[in-house]
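Two complexes are shown next, each including chain A; its partner changes from chain B in the first to chain C in the second.
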Partner chain A sequence: MTLVADGTAAPQRTRRKALSDRAFAWILIAPAVLFIVAIVAWPLVETIRLSFTNASLAGEDYVGLANYEKLFQGGKFTEIIVRTFVWMFFSVSLKLILGLIGASLLMAAVPGQALFRILIMPPWVIPIAMGCLGWLWLFNGDFGIISGVAQAIGLTDGPFAFLAYRNSAFWAAIVTDAWVGTPMVTLFFLAAMQGVSRDLYEAAWVDGASRWYRFRRITIPQIMPVIVSMALMSAIWTFNSFEIIWILTQGGPRGGTTTMIIDTYKVAIANLQFGEGAARAVIIVIMLALFSLLYLWVLGRVNRKYGVK
Partner chain B sequence: MMDRYTLWQRIGIYAGIGVFLTFILLPFFEMFMTSLKPLNHIFRSPYQFWSDDFSFDAYTRMWERVPNLGRYIWNSIFIATSVTILAMIVIVPAAYAYARLDFPFKTQSLGLFLSVNMFAGAVLLIPLYKLMRQLGLLNTYWAMIIPGVAFLIPTGIWLLRGYFEKIPKEMEEAAYMDGASRLYTLRRVILPLAGPGLVVVATTVFITAYAQQYLFAVTFNSDGKLHPLPVGLLQFIGYQNVEWNMMMAAALTGITPVLLVFLFLQRYLVAGLTAGAVKE
Partner chain C sequence: MATLELASITKDFGAHKVLSGIDLAIRDREFVVFVGPSGCGKSTLLRIIAGLEAATSGRILIDGQDVSDAAPVDRGISMVFQSYALYPHLSIFENIAFPLRVARLPEAEVKAKVARAADILQLTDKLALKPGQLSGGQRQRVAIGRSIVRNPKVFLFDEPLSNLDAALRGEMRVELSALQRDLDATMVYVTHDQIEAMTMAHRIVVLNKGRIEQFGSPMELYHHPATRFVATFIGQPNMNLIPATVAGTGAEGLTVDFHDGTRMTLPVDPAGAHPGDRVEVGVRPENLRLGQGLAMRLRVLERLGGTTIAYGMLADGLKLCAALPGDTTVHEGEDVGLTFTPADAHVFDAQGRVMRRRQAPALAA
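Moving on to the complex of A and B:
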């Protein structure tokens, strides 16, 4: 800043820049704000408003809390909520376990490591719907390879159509959702594991600690913040997951795979009952907001506990 | 050394990786095998692991037998590309503002942006449907492009901001000293330096846009000619006489472009995406 001493141009420019800083920033983020307001914020407000009406293609009238009251009558909706959380719990757990195992395996310094790390990514790269097409086929009783193998080794007598029964369809959807999410989780765990200081491992190794001990006492605590954040993020993804179930089963058989998102879609878009659908959407939004608060709270605690700023 | 494995450990690691990759790649394997089987073999019972007359017939015949296939693939690429261009136009200036400028409600507004990530399109479909109808955008490409852009903006801003922050501030200061305007500095100093970051963010946006074009297409579009690949292909499932081998061949062909993009850029992508996960 030696120029400032003898010239007048520099300070003037700096002052003009400081003055317009704020205005310039607003101009730069305006398009983003516009998009979000039009596609997310306004629809959110509108959804809340619609949830108090009986809106359909025919028109709308204010009905107060009627949609919400109707929802909680008969216990069917409660069943869907419970199912959603069960589906979320198992799918997220599966992703985390597979992610941890996968990342640990891919950390092992063996020939082919680089190739293996690329080969885990396709489920994330390709359209989710195309992956589901593959699973749709895998789960088929007559010509799917899973049923084929099960028959060959005598697990089942004849063809078993996984998507035709409530229980097996539910588990099939969990496996598929875990398959879609596992690459991302693995990738993040892998990155976090690579960030752990080698000195820690070497010190433990010198002390004669076994691999398992090092994994449990060094790796896990060191990457804990990433584990927690992936757990909550995949909880949100899984909660919002629509395509997978819709393509595999459309929520069937007999509602066996109907999660809250699927239920909302069926009511709002398939049956065009906008008002009742909106009430369901509002409940989803409330739950998502609670997740996010939980996320921030837990993450703050974990970061403090494990000494991450 | 610490990294040395015994023979059994080595076998264990490879076996583990083998099982893991089998799970990850099984659907692709199944789709590929099915695409090679002649139609009457697919329905053969009991299940047959191996046919003796595998052929690539489906890959040539699908272009005539699956109507609009070329069109679907083109639509998918077109929609994803449009989403990427539009999103980047919005993301770049905003990311720059968050990386470099001071303005009121900076952290709060960034937090609000990121909170968009917790919503999926499915929750907001009702008003979006009405909005698209009012704007007359139902059954046009726009109905599949615009919502897609909005949901990709927050993550894009977040990722790109990280790259902008890494550029030394002195570069800008020097440009201002020489009398360059703000826009000139952004265009000629910042953007070239952020090149790798721009590639990572644009590719991430493209891949996500390519991967997630089902919901909006299936809801906002009923014009068969405009469908992206996933919707176009999957609507055949309900029909009689589906030629499954061709569907699988078509699906595999349709995912090739995005797999290629990923293969070429995977090194940068993986590092860029996980940059936030590793605290240095």
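Moving on to the complex of A and C:
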């Protein structure tokens, strides 16, 4: 704050200065605003508009809520929603459980610790398409090692093509998705575990707490904020996961692996029904928005509960 | 409560010797402080007693029982960490109750024990809070509470006050001393702060480079330091060491020549000293006074009120420090003479070993 002897001139000068500051600020953020409008806001608005039309290659007419009404007729879309959530639940659970086990193992002070930490990365760092092609072979009935081993130990009578049946294809897709997603979850958990003070474990050890007790009452609560944020973020990513299913099964067989995102793609891009596809996309946006709100709310609560400021 | 005995404890980290040949017998209900510069092995020794670290060789006996291979929880010890090691996600109640929960004690017993500890430490109204909501001193008390509820034979403290500010540290020193008396417990306390050691300990273990330099009461260490290291480590400001040459030995003690030609006869046992040997004469700042003697140019004066600490230099460049009466009328840059009573001098041979003083003050109990 400056004190000026001339009481009249000073405020004027400040006001003019404030205005130019504001203009300058707008100039600075303008590129970012334009960018966001171009790639987020406008497409979103356009998608919402399209969802009220019957847009296709033939042209478009306003149809009101017809697309939405059609969606919820016959129960097929509801089935897809349920399948999406089942897919999300099992894939995320698998990633979290494997991530916790993996991170705990990687915390162990063993020779070659750094090497093991690097060895878990490939599923995450190699291109997803490459990884999925590998899994295509693994799941193959005639040449796949999984079917081969299952036959050898007598689990199946003959070759079993995992991707050829609705149920097995669904679970195969979950396994593949978890395989891709686990390394990142593991590394986040590992980083969080490394942040827990050694003194806490030593204090508990002096008090006689077993390894499991220390894991349960120190490690888990201490990394809970990370567990929760990984759970919610990976739920959103899994919900949106497209390429893994598309490469493995393209949503088949007979829709057995069609999640909402696959369904939207098929309708809007493969069948060129832009209006109906847009209605599906809008529902996805609403669900993800709710998810994000839930994420922020839960994270705030967890951080307060576990003493993170 | 219990005795604690260490027999020839050694600890190596690879080729690096951290501790060598530590022998120590701590009495029942004794408050013993391990003190030494950083890296002297004091924390490692405490962690070996706790069982957090295994000794390379040697034995640990608590109440006569060999616990060298026992798990920490089976040794009957509890430990307070420098970082307090409180569980941030648990309430103060659950933090204090943690060892009892591990031991699966019935709820009523847990409540009673926590209530008693909280009462002793004045934490009763804080039990529902989380550690993050407490001040440093209160967190420290919670950590102590957690060790009290276990009712251990020996309490171990690893630099528990070093994260507190100076005023609070002074307060906690008094509280810890009182607590030790109230609990009537055997306590082993590690610090690098000689003031904490002097004020709280019944006996002090001075460690240096993995060895015990001296084990004795605070006043014993002050008046009869066994080595040059102990002499300079204990006492504030540090003891002055003035190089001198042995001129002769006799019935009255050791006669030495200082570099400026001053000759003095000091009442110490001149065991094995020969004329011409180089020795160091140690004089505590508080034993120096103005008078005919060593000529010093004053460089800095620190006026503390009751005392004036005078830092200066002799003609040969040796730095000295004298604690003079508060109102002494001297000025920075002035040349003064410093003298001391021969009986107050400590004499160290070239190896840093002390020559026994003949007229040392009687020791306080």
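Rule of thumb we're sticking to: the second predicted complex is superposed on the first by the 276 of 309 C-alpha atoms of A that agree within 3 Å, B and C clash if a C-alpha of one lies under 4 Å from a C-alpha of the other, contacts with A are read in each partner's own complex, and residues count from 1 in each chain.
Criterion: a residue touches a chain if its C-beta (ideal position, glycine included) is under 8 Å from a C-beta of that chain, and two chains touch if they have at least 3 such contacts.
On a predicted model such as this, the values are computed, not experimentally measured, just so you know.
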Partner chain in contact with A:K305 - chain B first, chain C second, else both or neither: second
Partner chain in contact with A:D207 - chain B first, chain C second, else both or neither: second
Most chain A residues touched (candidates chain B, chain C): B
Touching partner for A:I218 - first (chain B), second (chain C), both, neither: second
First (chain B), second (chain C), both or neither touched by A:I153: neither
First, second, both or neither for A:A58, with chain B first and chain C second: neither
First (chain B), second (chain C), both or neither touched by A:M130: first
First, second, both or neither for A:V285, with chain B first and chain C second: first
Common interface positions of chain A, toward chain B and toward chain C: 202, 205, 308-309
Footprint of chain B on chain A - complex, ascending: 3, 9-10, 13-14, 17, 20-22, 24-29, 31-33, 35-36, 38-40, 42-44, 46-47, 50, 98, 101-102, 105-106, 108-110, 116-131, 133-138, 142-145, 147-148, 151-152, 159, 179, 182-183, 187-188, 190-192, 194-195, 201-202, 205, 226, 236, 240-243, 247, 261, 264-265, 268-269, 274, 277-278, 281, 284-285, 288-289, 291-292, 308-309
Interface residues, chain C side, partner chain A - complex: 50-52, 71-73, 77-79, 81-83, 85, 87-90, 98-99, 102-103, 130-132, 146, 150
Complex contacts: residues of chain B adjacent to chain A: 2-3, 5, 10, 13-14, 16-17, 20-21, 23-28, 30-31, 33-34, 42-49, 76, 89-91, 93-94, 96-98, 101-104, 106, 109, 113, 115-120, 122-131, 146-147, 149-151, 153-154, 157, 176-177, 179, 182, 207, 210-215, 219, 229-231, 233-234, 237, 244, 247-248, 251, 254-255, 258-259, 262-263, 266, 270, 273-274, 277-280
Chain C contact footprint on chain A (complex, rising order): 197, 199-200, 202-209, 213, 217-218, 221-222, 224, 305-309
